[in-house]
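Starting off with a structure, shown below.
Per-chain residue numbering starts at 1, and chain names A, B, C and D are given in the order in which the chains are listed.
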Amino acid sequence: MLARVRSKWTWLAAGLLLVLLILVPFVSLLSPYTGLMIFIGIYTMVTVGLCLVMGYSGQVSLGQSAFFGIGAYFSAILSKTYDVNPWLAMLIGATATGAFAYVVGFPVFRLRGNYLAMATLGLGIIIYILFRQLGQYTGGPDGMAGIPYLSFGGFAFDTPFRRYFLIWGFCLATLLISQNIVNSRTGRALRAIHGSETAAESLGINVSLYKVKIFVLSAVFSSLAGSLFVHHLRFVSPQPFDFMASVVIVVMAVTGGLASVWGAIFGAATIRILGDEILPRLENLATLKAWHVDYLNIIIYALLLILVMIFVPQGLFLGLKDAIGRWQPKLFRKGSKS
Amino acid sequence: MSARTVLETRGLGRAFGGIIALENLDLILAEGKISAIIGPNGAGKTTLFNLIAGVYSASSGQVLFKGVPLNRTPAHKRATMGIARTFQHVLLFSNMTVLENVMAGQHPRSRYGFFEAALRLPKAHREEETISLKAKQYLNLVGLGMYADRNPLGLPLGQQKLLTIARAMATEPKLLLLDEPGAGLNALEKQGLSELIRRIRDMGITIILVEHDMDLVMGIAEWVIVLDSGQKIAEGTASQIQKNKRVIAAYLGDEEAIE
Amino acid sequence: MSLDQFLQYLVSGLSQGSIYALVGLGFTLIYAVTKIINFAQGEFVMLGGMLSFVLIRSAGIPMVPALLLSIIIAAAIGAIMYVLAIRSAKKASGVSLIVITIGAAILIRGIAGEVWGVDAVRPPFFTGNETLSFLGARIHPQALWIIGTTIAITIALHLFLSHTMLGKALKACSVNPQAATLVGIDPRAMGLIAFSLAAALGAIGGVVMAPLTLTSYNVGVMLGLKGFVAASIGGFTSPLATVIGGIAVGVIESLAVGVGWGPFTSEYKDAIALVILLLILLIRSGRLAAEERVS
Amino acid sequence: MRKWFYLLLAALILAAAIPLAGCSSEKADKAAYKVGAVFSTSGGYSSLGVPEQRTVEMMVEEINDKGGINGHPLEVIVYNDESDSTKTLALTTKLIEQDQVLAIVGPTFTGGSKAILDAVKTAEIPNISCAASVDIVTPVADRYWVFKTPQTDVQAVREIYPYLEEAGITTIAIITDTSSFGQGGKKYLDSEKGNYGISIVRDETFTTGDTNMQSQLTRIKGTSAQAVVCWATDKESAIVAQDMKTLGFSIPLFCSHGVATKAFIEQAGDAANGVILPAGKLLVVDEVPKSDPQKKVLTEYRDDYEDIYGEGTVNTFGGHAYDALSMIVMALEDMDEDLSTKDARAFIRNYVENDIKDWPGTGGVFTMSPTDHLGMVPGSLALIKIEEGEWTWLQ
């Protein structure tokens, strides 16, 4: 029955979230932040993928932004250079990214811990170097502009207002899918792998296969996010997919709580709001005549990573949730699914 | 006794680097019996389990399950074929509730995958229903029904051990390997454990247990195999073993004194 | 490609590779003792270089003491990092530790960028700027310093690990922490020493290379990565193999760019090391998995 | 332990709340004119972006101390794009949609400037770029809203090549950064060479952040090149200079206007001596004759800047931002106060295009026109040689 109480509350929370999301572009107080919200939506999609890999199956991936980038560049190049229909390009991108993840997945996931981390990191940087150096296709470090908008027949997603709903539609879909998977047979298999691979195998779970499967899913999420990213900005360049970007995605996942699907929104939102709204202002405040503060964001991200990992390894989102839970013991007790 | 053999090993051996953990072991275990493997520490008991369950691959010889050689079969396939096990160090999933731990055990007995799960297709619904239903049954079997929503690590060791048995049972095995189920349990709990094991046997499941507690072993084991430094030094009924000179020399002598 | 060109590539590859080797040694040392891979290793190279510049140019301290001081400061920062970030996360899982060291890396980088600004700086050369030439190849005295230091450090480290009490203790700790504790070695103290030593190694690398390659707040990332490649060639256990690995990477890079084989033009220089890394990891992966199984 | 963490968290949130609350800080009787700026104050181009940001802040303070523009305080919202063209675009959109600025100064680098072309065009907002490439403002028809103040890579090339021609140098080797800046230079080094009877015998590249150029230079050494032209920003150029010295090159090194900063001289050390580069006269103010129309503005800007940031810190990049913002300020001074944002934006654009005539800036004398959105009269660049670690003008 505790489970029922908890789920009741999660549904309530989800409902409130939904209402808020719908209100954003209409309420004059919030509407200026539509652009910000769009990025939050996109990064939530990437983050939730990483959460599935890191939080549930317990595998490190420091190359997540590579998948983000592959999706982005597939959409950009196909729809601009070879004017393929953007939706088709998006689909091809997702498929290709998934296939890529599948192929590299098997050898890479024979590695564990540190080696896995470094392998994914290396892969990520190699992909980034390719984005930067394959100038004739990618536009090189300069990037490429003039990517078409997504559109349904006559209806083009050519205003932030329209894209906001499109992107959050995708975002919520990915969240729902992830939620379903986590609480399914597959989800239990993944968490079992996280708990103990030997025990998992003894229960007939094909460990390496499931690792790769979830890796592929996260790659596809990231790829879709990438496509939406370029069709929103109508521009693509390599930098958003470099190593630091992968780290930022980890920061988001960690802040939200690695083993928490809905935490992904929290994580992405916290970091984007920090980076886009708060830190710039703080930097300006801290800026003195001859001394400029330009790296506050990096420093804050770093502190977040370290402190959260030391004090609330389950993530800020779950941490705060537990903190609240300590006041109202009945409501959110235990249960790692959320 | 014309019972069919469930498990057979032929010249089974395993070495780690130079150390020989198990050497040229021949076993034949009949269906529906409780057998115990005993022997001093480092005798190769757990190694044998790991070879049967497929955690290690054999360096020599082979394992046959219902006449099928398993050498090339990975651990997870063996579980699907009907070999289940518990672990000396319980290895419960702390990131799941008690019930979910058992539900995870239903894995090989359920079909629906990624796609159905992602979209919550009716198939997924139906299977989830049965999975949790069965899981609850197995929880009740070991008498942990009331703790379904707890975190497993919150339970006392005794109940954790029972939970691992429930989890293993959830895979609906033909052969159940119990690795020191009695360790760390008090007399009363051991009492219950013996009964549980018998009840499982009565469900037609063959059981092999590795155990140090002689009373427990002698109480329930219908067949006892004694290993010493990687070799089988004796096998027989409990009473035969207790009389066996080599066993007493190699094993009971010192081990019992400590007990 | 003429012979003296080839020699030239070899020479510049050697000096570049020696730096990777020094970074790699740091990885190996820490991993051997604590089973942690310190993603912040590259940042200590940056710290060494930047500190030496600041101390010499801004603080006006004479070179030799300035160099020593910057190495000591870097070592201290390494120690602080271990105490604050690593040790206080005692119960942290492997994943968390990785994330923590990454955090430490970008924290150091960010603060450096903040405090010292973004311009690349060049500390003075140790012994002048008159290049020597031998066999048609020309080599900068600083490059000789780099190579020499690497050789010296390698030997010193070897002697230290195998002939001193402390060194032996570190080794013991790396082989079997429990046993080490039994004979009265405190693994945490060893961890502390390993981290500061590794930081010092990195800083030494930074100090000797900065005059030649310039240094700035953000050089740590790539150097760290190349160092890791060197270390993984050495399997995170053998200092000698690590050094050889580092030098190999340096030479391959320099030759690849020089000769411009197929895709390996200068654009892909950094990719070369990464490809090597992946190959090594994948070749090893089977064995690594097995290792962790047994343990 | 954990309690501390939550306290720290609370502190952070509080700290964050303060600026959010204190958004509209200084209250003036008249509403502030909002201008936006995007500079790369961190990342690869920060050695250009930082002086630009400093200049803008310096100017805003001066203007507001003098009572603002017709009584309106000037507010310049500066964002840092971290040398990432995607961020440049995102931040520009933010300036347009969220901050409702009247005009946009910057960005710092060509890549970013190209990235925002579309956004600026569709939003119909004037943009005065501080980036090098000429492609930013050509074709003018399509760049209706875009202007730029720095000398272009073409101009820079057209300063170097004639000098080579005079010196009787006909074969050169070029070594360029794969960044947009480097490749821009490479493009024009290649397209212009014919006009001066110069042939490129070796074309090498390196990547931003490389720390060793010896392999590339060794190959150049094997050629008949009589000079090396390097197109990159300060750090990499400094390494090229040093490695040329190490490899015992005897031929001269020419660099781009991307190294026109003291940092380059410090980085290259004595290897910098003898390097020749085209750059704004700002570096050689004292050698500029009284007669030169730029003399006054150059001296003033140099003095103001170095008063705050110290001797020898002035460089041409800050100057580009000075020119850009000045043009906008002139427009604002001339503007009716009660224009809608849309009209104000249009007014500023028209003013810059039509009313900037023979205006001396730090980068040169500007005469904008519907056909020329750079509007820099020739001879605004000086060919500068580094001697004894000092800039000296080769007249």
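Here, a residue touches a chain if its C-beta (ideal position, glycine included) is under 8 Å from a C-beta of that chain, and two chains touch if they have at least 3 such contacts.
Just so we're clear, the structure is a prediction, and the values are computed from it rather than from any experiment.
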With contacts counted as defined, which of the two, A-C or C-D, has more C-beta pairs across the interface?
A-C
Taking each chain's centre as the mean of its C-alpha atoms, which one ends up farthest from the centre of chain C?
B
How many angstrom lie between the CA centroids of chain A and chain C, rounded to a whole number?
32
Chain B to chain D: how many Å between their CA centres?
73
Between chain C and chain D, the Cα-mean centres are separated in Å by 36
Just curious, how far off is chain C from chain B if you go by their C-alpha centres, in Å?
48
Hunt down the residues of chain D that sit against at least two other chains at once, touch-wise.
42, 46, 50, 178, 207
Please output the residue numbers of chain C that touch at least 2 other chains, ranges allowed.
113, 118, 267, 270
Residue numbers in chain A touching 2 or more other chains?
132-133, 294-295, 310
Listed in rising order, the residues of chain C that touch chain D in the complex are 2, 5, 8-9, 12, 16, 113, 117-122, 129, 131, 133, 138-140, 209, 212-214, 216, 218-219, 222, 254-255, 257-258, 265-267, 269-270
Touch list for chain A against partner chain D, complex:
32-36, 39, 132-133, 135, 140-143, 145-146, 160, 233-237, 239-240, 274, 276-278, 280-285, 287, 289-290, 292, 294-295, 300, 307, 310-312, 316, 323
Residue ranges of chain A in contact with chain C within the complex
54, 58, 60, 62, 107-108, 110-115, 117-119, 121-123, 125-126, 129-130, 132-133, 243-244, 247, 250, 254, 258, 293-296, 298-299, 301-306, 309-310, 313
Per the contact definition, I'd like the list of chain B residues that touch chain A in the complex.
53-55, 74-77, 79-80, 84-85, 87, 91-97, 100, 103-108, 110, 112-114, 116-120, 124, 127-128, 131, 149-151, 154, 167-168, 170-171
As the complex stands, chain A meets chain B at residues 2-3, 177, 180-181, 184-189, 191-192, 194-196, 198-207, 213, 217, 259, 334-337
